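Okay, got some structures for you below.
One chain, chain A, links the two complexes that follow: it is found with chain B in the first and with chain C in the second.
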Partner chain A sequence: MTTLTEATGEAAARETPARRRRRRVDHLPYLLLLPCLAIIAVLLLWPLGQVVWMSFHKLDSVRQLRGDREWPWVGLANYAQILGDPFFRTVLRNTVLFALANVALTMILGTLVGLLLNRLGKKMATFVASCVMLAWATPALTGTIVWKWIFDDTSGLVTWLFNKLPDGLSTALFGRSDWTGYGWFNDPLMFFAILTLVVVWHSFPFIAVSVLAGLKSVPTELQEAARVDGAGPWKVFWSVTFPVLRPVFGILVVLSTIWDFKVFTQQFVLAGGTQDRSTFMLSIYSYAEAFSPPPKYGLGSAIAVILTVILLVVTALYVRMVLRQEDE
Partner chain B sequence: MNRWKRLAPVTAIVASAALVLTACGGSGDDDKAADNSKLTVWMMGEGGDAQTKFLDSVEAEFKKKHPETDVVVQYIPWLEAPKKFQAALAGGEGPDVTELGNTETQGWAAQEALADVSDKFNGWSEGKDILPDLVKNAQLDGKQYGVPWYAGVRAVYYRTDWFAEAGVKPPTNWDEMVAAAKAVQAKKPGTYGIALPGNSELPFYSFLWGAGAEIATKDGDSWKSGYNTPEAQKAVKFWTDLVTVHKVAPPAAAGWNEVDARTQFATGKAAMAFAGSWQGGAMKKDNPDIEKVWGTFPIPGPDGKPAPAFAGGSDIAIWKDSERAALAWDYMTVLLSKQKDKEFASSLGFFPVYQDLVSSGDYANDKVMAAFATAIQNTKLTPLTPKWVEVSRTKTVTQAMNSSVIKGQKTVEKATADAATEMESILNAK
Partner chain C sequence: MMKKVALNGAGLLVALFAAFPVYWMVATSLKPNREIFSSTPRPVPAEPTLEHYREILTGNLIPGVTFADFFLNSALVALATVLLSGLVALLAATAVARFRFKLRTTFLIMLLVVQMIPLEALVIPLFLMIQRLGLYNTLPSLILTYLGFSLPFAVWMLRGFVAAVPKELEEAAAIDGASRAQTFRKVLFPLVAPGLVATSIFSFITAWNELIFALTFINDQQKYTLPVAMTFFFGRDDTAWGSVMAASTLFTLPVIVFFLLVQRRMVSGLVAGAVKG
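And now, the complex of A and B:
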């Protein structure tokens, strides 16, 4: 903080009186940001630093957290242990593939719904937007519990629907006609498919509404002109709408990536806790290592740091890409 | 306009100061003095009128000796307990006395959450009659960290009406069990012969021990898993065959825990389920009529003898950070006295922990409790090491082994070998 003031002081000294006066007014935004920064520092930066610090120690007793016991420094041993564990590769693969699939599906579905909303009349658009926003407004925990019931193996809606299929058709397609007692979450692939459904359902409304907001700012003349020139909807989207909304899509992809990399609630509820290790992803892996007895806070912190670093790298790449496209 | 611009920074500073001050507020608790006016007791579960009334009577008795102390009871849901304990331990504000599941006592003792009560326990005459397996289960490195409060074992609940319709009797060995399940399932289409808790370990251990295998044995300094023995493989094969070969339980059973499974039984979808005597109340809540048509029998071994059962239950311990350990112990001796113990255990459907009370005729002649009274005569424990909780709860080695066979991901040989390797690497980790 002190270096910052010194630096601005020096800069100010070199400037002409007229510019200095303008400079003084420019302090205002920083002052207004101060309360926010202070809160972020206390609630976010401090714990973040703490997690990084913890990841370099062997912490397996709650008493160490309290300061009753020493924190033995282990350097990078926690990281070495995680990265050397073949299980980490499974977890990383799960996380990356899941995030890729979910970002793609969320973006596609969200954009389609956004385009639809843009074309609908006022009343219908309000109706559809409200319905869509309900999914966004449902708390992750509540929503996921309902989804879990929908896939219940005895009384779930999906089980009931599949049981309603004509026996011959069901047997021909899936090799079974009685679905009561079918374990929907047994197979990891099936588990991830349901998890994807739940996560996409939760997150596409935000994309849809953001895309809609972007579309509203695009002058309709552009699209009309393209249409008059004989472009189909596909062509109009890729040649007119998408280039104009590119910054919006950039931001949305970054946000979705961050959200989908750290999905926790939905997975925790659907899997019924931390039992199903074959479907672990980084966030639940970190949680399970840190807090399941016996606790391993150091190891859990190291996994959390790895997850954060991956996210930072992904985000940095995207931001660079978006900025470069802006320059073109 | 100009005046506003000049005022703005002031406003910003005042606002930020106010925000920071409010954010820092609310941490003014400073009552450190070890006063004896209050004894905090944590109890597991949801409580209920019966338990409140019982604990009130314990407090009244305790107050005869300590009239100045109020007992404050707080209920902690079972699943919340580990988080609550960690938070209490990290923050330094815990209870004085706490109940805890007897599979968790060693783990929390290793975390230095519980006080060593060896001397107090050894000097307490009634404690000598407590079932030795339960006492051992609350020890770590030869020191006593908890005192058993009540005990429970699992048995099989079955539908007496369906068994009668199918013309089968309660089975006494494995083959009869499969035959009975098949017979009932044939008679009652759309139901399962056995509600198998494929994702639970404790009922399975009865089959493992019944087949003559051990979970793990200590050889000098290192643990050796018993899972890669032919006996263990026989048990895993029987357990998983119920789904894959005999089809008396559905594939979804791979993900069922004990509550899922017993709900199938309570709601009339299964003919048999593994459950403890204390779970009868929950089943009656699901379906009040189930009581009229249920019976129990001990989990059979392969050869006709009842299989050993896991000695489950609850311990009472003194929180290590408590500054009122002597007071806490006085409360415990009232709570755990033979007379109070019998009173309370019976009201919950558990057994008291005292040898002489368990073997009394009261239980052997009860229609439902008789099977449990037989089972509790022959109990076994999971490996006595604080690392066991990682095998059991975190890595769920046994559950994963059984599930992977039920789901068809591994053969019995591969699953047992993998589980043995993983178990040994956890138990022998430095």
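And now, the complex of A and C:
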């Protein structure tokens, strides 16, 4: 069709190029977008609506999902059940505290490393950056498995290190001197500490590299001028570097928050499945309710909806930030 | 001088923290069992051996199924995802980067928003969809799912590559009498190809690493993807750390290689527009 229009000589040639282009503001872009839109609609947006719909039903068997059995409508009963459950409040508290701690630690470590990379000599910076990339590139799954091995209760490196501590010191500090057989993952607090270590290890590289990229756009003259005026490194950072990096920081904080709120793989692998309820956070709680026998798809959906709503609020902030920057 | 030493020292510490687990994974995979389970760990394998690799590559991880089978399942799913998502993303990115139309901004905002949908929250409804479509326990169920997950970021990233190709080239081709399809194929496509490769690598990594959906949608052990097989295989009886680390290394290696090829784009894709150099 288009080839034909272009080839039909004189009539088209007499039109101005602008008019021709306007006439061509045709269906082509929409046609090109169609497959993409269809996929996003069917695989992301439709399920998003579906999960809300499911959360209003009592769904306890796969046969209901297949459509062989009815879906009894229960209104807000699933939500009432969850919100009234003290366990949910524990899970919510765990999730929020975990996310806050991880975002803070990731941002601080990532920023420090970014600043450090900016100050190092070229060779050293390349070396350190390459190592940092390794942590980033490692899949969540295998990264977590390695950390689990490092904390193994018999031959793990950390167990060995703690055994190396002078017995007196170890007893005074932790109340035990023999660490062989100590279950690092049994105590919920210890579990969360190790999970934090794993998640921060995975996520600080992205922050470091982004901050470094941002730093490259800070004119060094500004920092030098501030230094000449007698500002210390702390002052230089807060009054020169930070204001320039602020938009980047905003986006990084929001992205980290979103990621840390829904940590799943690391937790699943570290806990060895979904049996240990004491360390549940929202995403794994939703999954366990839905898929651990007996299945409760409706209840699991309600938890998923709550998680989504929390993240939606954070996302709204993110989109506003990105749009503001595209405008600038 | 002191300051420089301190900075370099800090640099080395950071490098150690970041790279050590990866090093430890590879080192452990090369140690014979008596070194792995000795009470004093050695930083470097004293007698490096490939026995663990031989073990997982020749033995059956699960009766009748080998590591190679899982590797193939994963590769198949990831490659299909990459091809489909690359094709669809290229069309969409061209539309967004080359045309001004009414809903363009709306579409871009939607792309950003859908990337933020917590995929973990979609396991249940997608499980429903897969059941209804009769795709439960098939690899296409995963291809379909990963296609949806990787597409928004792929379009977001590719649009930059398409926009970077000077429009004049296409206009010149059009003046020379090339049709739109020809211009697309002969001018735009070759120039966008490197970007398409970079984008594909991200889709590949997304599909290759994914665990939750693969865990939920696949029932038969011989259809497991590598991540599911690993969580299954690991944690049975006394964990055979040598084999687990060998399997982890084989799983991780392609990702690291691919990732290092494209990581710079990752930053620019995610903090879109925030960093202006």
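We adopt the following convention: the second predicted complex is superposed on the first by the 275 of 328 C-alpha atoms of A that agree within 3 Å, B and C clash if a C-alpha of one lies under 4 Å from a C-alpha of the other, contacts with A are read in each partner's own complex, and residues count from 1 in each chain.
Please note the rule applied: a contact is a pair of C-beta atoms (placed from the backbone, for glycine too) under 8 Å apart; a residue touches a chain by one contact, two chains touch by 3 or more.
Bear in mind that the values here come from a model prediction, so they are computed numbers and not experimental data.
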Quiz item: After lining up the shared chain so the two structures overlap, which partner does A:T274 touch, if you call chain B first and chain C second: first, second, both or neither?
Solution: first
Practice problem: Kindly classify A:L97 by the partners it touches after superposition: chain B alone (first), chain C alone (second), both, or neither? | Solution: neither
Quiz item: In the superposed arrangement, which partner chain does A:T154 touch: chain B (first), chain C (second), both, or neither?
Solution: both
Practice problem: Pick one for A:N186: touches chain B only (first), chain C only (second), both, or neither. | Solution: first
Quiz prompt | Per-residue touch tally on chain A - higher for chain B or for chain C | solution = C
Quiz item: Of the partners chain B and chain C, which touch A:A225 in the superposed model: first, second, both, neither?
Solution: neither
Practice problem: Once the structures are superposed on A, label A:V62 by its partner contacts, choosing first (chain B), second (chain C), both or neither. | Solution: both
Exercise. State whether A:A80 touches chain B only (first), chain C only (second), both chains, or neither.
Key: neither
Self-check item: Contacts of A:A172 with chain B and chain C, given as first, second, both or neither
Solution: neither
Quiz item: Now for A:P247: first (chain B), second (chain C), both, or neither, which partner does it touch?
Solution: second
Quiz item: Shared contact residues on chain A for chain B and chain C?
Solution: 25, 28, 32, 35, 39, 42, 62, 65-66, 154, 272, 291
Self-check item: Residue ranges of chain B touching chain A (in the complex, touch as defined)
Solution: 5, 8-9, 12-13, 15-16, 19-20, 23, 82-83, 86, 89-92, 104, 107, 110-113, 190, 192, 199, 250-255, 257, 264, 269, 386-387, 389-390, 393-396, 399-400, 403, 407
Practice problem: Could you pull out which chain A residues touch chain B in their complex? | Solution: 25, 27-28, 31-32, 34-35, 38-39, 42, 61-63, 65-66, 153-154, 180-187, 272, 274-275, 277, 288, 291-295
Quiz prompt | Touching residues on chain C, where the partner in the complex is chain A | solution = 7-8, 10-12, 14-19, 21-22, 24-25, 28, 36-41, 88-89, 91-92, 94-96, 98-101, 104, 107, 109-110, 112-114, 116-118, 120-129, 131-132, 144-145, 147-149, 151-152, 155, 174, 179-181, 205, 208-209, 211-212, 216, 227, 230-231, 234-235, 239, 241, 244-245, 248, 251-252, 255-256, 259-260, 263, 266-268, 270-277
Self-check item: Residue ranges of chain A touching chain C (in the complex, touch as defined)
Solution: 2-3, 6, 25, 28-30, 32-33, 35-37, 39-40, 42-48, 50-51, 54, 62, 65-67, 113, 116-117, 119-121, 124-125, 127-128, 131-143, 145-147, 149-150, 152, 154-155, 157, 160, 201, 205-206, 209-210, 213-214, 216-217, 247-248, 251-252, 255, 258, 261-262, 264-265, 268-269, 272, 283, 286-287, 290-291, 297, 300-301, 304-305, 307-308, 311-312, 314-315, 318-319, 321-323, 325-326
